[in-house]
Amino acid sequence: MTKIALQQDRKLDAIVLGRAGVDLYARESNTDMADISGFNKFVGGSAANIAVAVSKLGGKVGFIGCVADDAFGGYVKQYMSGQGINLDGMMTDNSGSRTSVAFTEMKPSDCTVLIYRNKASDLTIKPEQVDPAYIASSKVLVVTGTALSESPSREATLIAMEHARRSNTLVVLDVDYRPYSWRTDVDASIYYGIAAGLSDIVIGNREEFDMMETVLAPGNKDDDATAERFLRANTQVVVIKAGEFGSKVYCRDGHKFQQGIFRVEVQKPFGSGDSFAGGLIWTLVNGGELEDGVKHGSAAAAINVSGNSCTEAMPTKEQLFDFIETREQSL
Amino acid sequence: MTKIALQQDRKLDAIVLGRAGVDLYARESNTDMADISGFNKFVGGSAANIAVAVSKLGGKVGFIGCVADDAFGGYVKQYMSGQGINLDGMMTDNSGSRTSVAFTEMKPSDCTVLIYRNKASDLTIKPEQVDPAYIASSKVLVVTGTALSESPSREATLIAMEHARRSNTLVVLDVDYRPYSWRTDVDASIYYGIAAGLSDIVIGNREEFDMMETVLAPGNKDDDATAERFLRANTQVVVIKAGEFGSKVYCRDGHKFQQGIFRVEVQKPFGSGDSFAGGLIWTLVNGGELEDGVKHGSAAAAINVSGNSCTEAMPTKEQLFDFIETREQSL
Amino acid sequence: MTKIALQQDRKLDAIVLGRAGVDLYARESNTDMADISGFNKFVGGSAANIAVAVSKLGGKVGFIGCVADDAFGGYVKQYMSGQGINLDGMMTDNSGSRTSVAFTEMKPSDCTVLIYRNKASDLTIKPEQVDPAYIASSKVLVVTGTALSESPSREATLIAMEHARRSNTLVVLDVDYRPYSWRTDVDASIYYGIAAGLSDIVIGNREEFDMMETVLAPGNKDDDATAERFLRANTQVVVIKAGEFGSKVYCRDGHKFQQGIFRVEVQKPFGSGDSFAGGLIWTLVNGGELEDGVKHGSAAAAINVSGNSCTEAMPTKEQLFDFIETREQSL
Amino acid sequence: MTKIALQQDRKLDAIVLGRAGVDLYARESNTDMADISGFNKFVGGSAANIAVAVSKLGGKVGFIGCVADDAFGGYVKQYMSGQGINLDGMMTDNSGSRTSVAFTEMKPSDCTVLIYRNKASDLTIKPEQVDPAYIASSKVLVVTGTALSESPSREATLIAMEHARRSNTLVVLDVDYRPYSWRTDVDASIYYGIAAGLSDIVIGNREEFDMMETVLAPGNKDDDATAERFLRANTQVVVIKAGEFGSKVYCRDGHKFQQGIFRVEVQKPFGSGDSFAGGLIWTLVNGGELEDGVKHGSAAAAINVSGNSCTEAMPTKEQLFDFIETREQSL
């Protein structure tokens, strides 16, 4: 079993950096976008989802990001505050940007998602708005990779990671790759490569590692080779997720293990990765072992995709443990 | 009584040029944006509203505009086609623009409206995409002024108006001024001034004429002076709307008249101007008199604001006449 | 003979609006850009050239434009002031724009010209920087068409023309078309069409009128038809220049005449149009006849292209009359 | 004495990455910009200067950069080819960018330099245009830092450095910091920090290291502390230049030394740093010791600033050794 060393005397368990926005889920399931009558409204965005996941499990969570100075920005902040998330690092932009909005059909697969991110507020955060003392007040900094896709958010993210390294705050990179946010895979691979080198733990799926290997090892599909390539610089742990085949976890000391998934009836494909990251991080900040963290992450992901939103369907600690117990008894 | 001369042998009654997008109306009335549970989905946008208004009254309507090559663009086109609107002039953009979306609370006044128009698809239409033969196939071209706010849509609009003048298609300008779309009022007044000079009929409210007089007559509040100033070049009729005080109508030949409003219980403040334009234009293309057109427009506006969407609440001819008859009997 | 009515009681004879920049002429003649050893430095730019032309002939000239807040901007202003040009309408921009620079080989034909106009200062002038009282203080406003090519200079130009119309300042449009400044010929033709309608006199060559007829009469090469098309709205005179075949001049009242060129040994192809405009305008503001103005313009053009810069080679009144006398005696 | 290990079996001695452009030097010395009569024309730009410096000393040099597809781009390429520089990595852009141009007065100090870099061609080079095999064919890759200031050149530079690391090509970073090229010092410090970590040798002056310490150690002026901070990751040597006080050189193994300057009559302040880098790199690729390299660099700098251009005033090997011999005999 593997323990991840963490600074214990910190006010916050985790600060998540990245996108908080509005998710609008189709009111009717299995219905095309043109035919649905309307949308249910939730807070979403990869970073917000992870923050809510850790918070609902009982963690003390902070946030670094930016929303627009408008009704949706206000809604996002009100909801996150209500979830007990500290928003000292949440900026507000009034330069004409808009809080990110995602419209989604509700289908188990082939689900149309329409993203409104032209001049997205989250990408307007500037490096000079990132407070090193805030980062030093947390055990973990979780970076979601979309924050790297555009300046000045790119520079804000890189400097936040540098601050974290200097203050011994553990850095977790959730790759969270959205091809439409980048000029080319080559550009993406350059910045993800820099960010991975600054991270203690890197979490991504096979397609995301393919992008990160665009230049280094084009065409490679061998997880072992990938893990070896990324267990360099500061990186201690690499987690490669493979959807229904579960996850492979590689440690710098050579230890490796796998974790299967918990099968459920899927309502929608999104939220899975964010719940996984949330379950894993919550376990680590509470001194749990990496193996348990990955199991908790897998269970949280299963619970989330069987619900009908991302943030609202994140489990509490009790729900998580009940779910695992029930499943393991049934084996 | 005043008749407006129109080319009669045309395939279409009216072509509307401008914005077609998605309106998302709060599910709960009198509730703040942060607290509503979701949105009902409709097609909207000033030009789409006018097109639907004329079509539901029985007119043959075409459209010049642009939506994104995505699920919302598809939805807008499917809905408008379903309303019998000819979409030969509707373009599809796949350069990363997004179909305009408006989120609104449902309150009779002080109603928050949140607009997503960063890189809006409607403003990507290019002058070379405007077909003079299409415009020559219609009795009327209706231009909504927001189409003038940005290039290349600005140039597409100006050239469409030039084509209309050359083919004796009557030009109606609905001012539809959105200050956030413009760098300054001075810029807006320049292009609205050019567009007004190319129009047979100009329709706006007092605030919109104030903007158009930013340079010509700053501070003027005298409707008579305004009308005199705008009854120049090609302009035959000026309609100045004054909300609950009704409308004043001025003709080039010196004739002028007023029309009061029909009082109703207001559900939401939007849609009123678009229904007014629709009722007026439908009357004119059917050979009706200007005075009747303005009355029909006022009635259509009253019906619309007492409903709970813009496009869906447009009346049919029967609903319009029943409404007027009921109201006039009750006097 | 034709007289152009002008307001006489004005402080300035002409205000020129448009581009003032730096011209760098190859030190060696008939040498390729790569092989020349350096450049001679002059003030240039279409509008500056016209302003200097009128001023050297003895006219009282003002200027509306913008240069960068740097050493080249300072040089341009110092030179123009030294030429007696009033710079009350000359703005200075410090937003990162650069004063326009043109590098040229010195060859009678096939002469490479390299233009540095990315973020050009002249195109940063804003409509709110144009003072109507300044325009009202001049007999003539001369607009060079490149000022229409980009916002906010486009709006500044259109509003200056509106101000001129309202203060009975005669408006002359020198088409000055540079295709690289425009997205398409269609766009150019839209704004040139609007500007021509606001002008009393329109001066261009055949290629420039072709562009202006892109939509109206594509392919037309008939000068008479062109002139008829443009003698509308406010336009009283149309001048169509045909290089070595001289100029054709058309008046609203049906009068038309031609003017041949004065043959000289050409040093460089540029400056010709600007000297022509300068000679013509100077004649008109002094109460001269249109026919004489066109002759003076042709002579000034001949003198200019036989010199080795644009601004410095503009003739004085004495040089102009000597030149014409010498040429006419030799016939 | 210190030797720097290099791959010996390489076709090229050094590839320089960055800006090649046109330098226009005032014809008259000690004269203000407004009053000079013209400019002498040379090839310039930091990277081009270094490439010419190494080439004139006898090195085999390649280049990675981009110029415009126009007469100045052609001139730059013709000159560099004529200097024996391999241009396999030189791209040509035709998207409307312009080859960088610098206009300078000729004064020993307080010398106005006017830079035309709006949409500069050198900053349009893309990561996918950088060939790893080309970099692997050289002993050294020299990166000039201005190439980091904007995308996509920033990504091209970072990937070139990664390619160099993988092919054991020695990486030299010449900081070459131009504040006007960057949004803030903080942004600059982030990318320079990443680039420094990828470099074997980092060369800058005190002001440049101040910028690189903006976040890490604001206000620090202690060269020893700076050197310690930057001798990390891949960096083996740090050179801190202090103008007339000469240079301090720090090695990873703790060795450090100083080199004074050679006093000359200064004609112009620029070119000094580029000649220094050229002299140093030429020495290293020929197996010379670091101490000799720094002496050769200092001598080359002195020779250059006493001349009247950057590229043309670079010394040959004979000139360099004669100069040093003469100076050392005179001590």
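The chains carry the letters A, B, C and D, assigned in the order they are written, with residues numbered from 1 in each.
One rule holds for everything that comes next: contacts are C-beta pairs under 8 Å (C-beta built on N, C-alpha and C of every residue); 3 or more make two chains touch, one makes a residue touch a chain.
In UniProt terms the chains read A, B, C, D = 5-dehydro-2-deoxygluconokinase.
Remember, predicted model here, so these are calculated numbers, not experimental data.
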Path length in the contact graph (chain A to chain C, fewest steps): 2
Third chains touching both chain D and chain C: none
Centroid-based (C-alpha) most distant chain relative to chain C: A
Euclidean distance of C-alpha centroids - chain A vs chain B, Å: 44
Computed distance of Cα centres, chain C from chain B, in Å: 41
Rounded Å distance, chain B centre to chain D centre (Cα mean): 60
Contacts with 2+ other chains: residues of chain A: none
Of all residues in chain C, those that touch chain B in their complex: 127-128, 151-152, 155, 158-159, 162, 183-184, 186-187, 190, 193-194, 215
Complex contact set, residues of chain D against chain C: 24, 27, 32-34, 36-41, 70-72, 74-75, 78-79, 96-98, 101, 103, 105, 112, 114, 116, 118-119
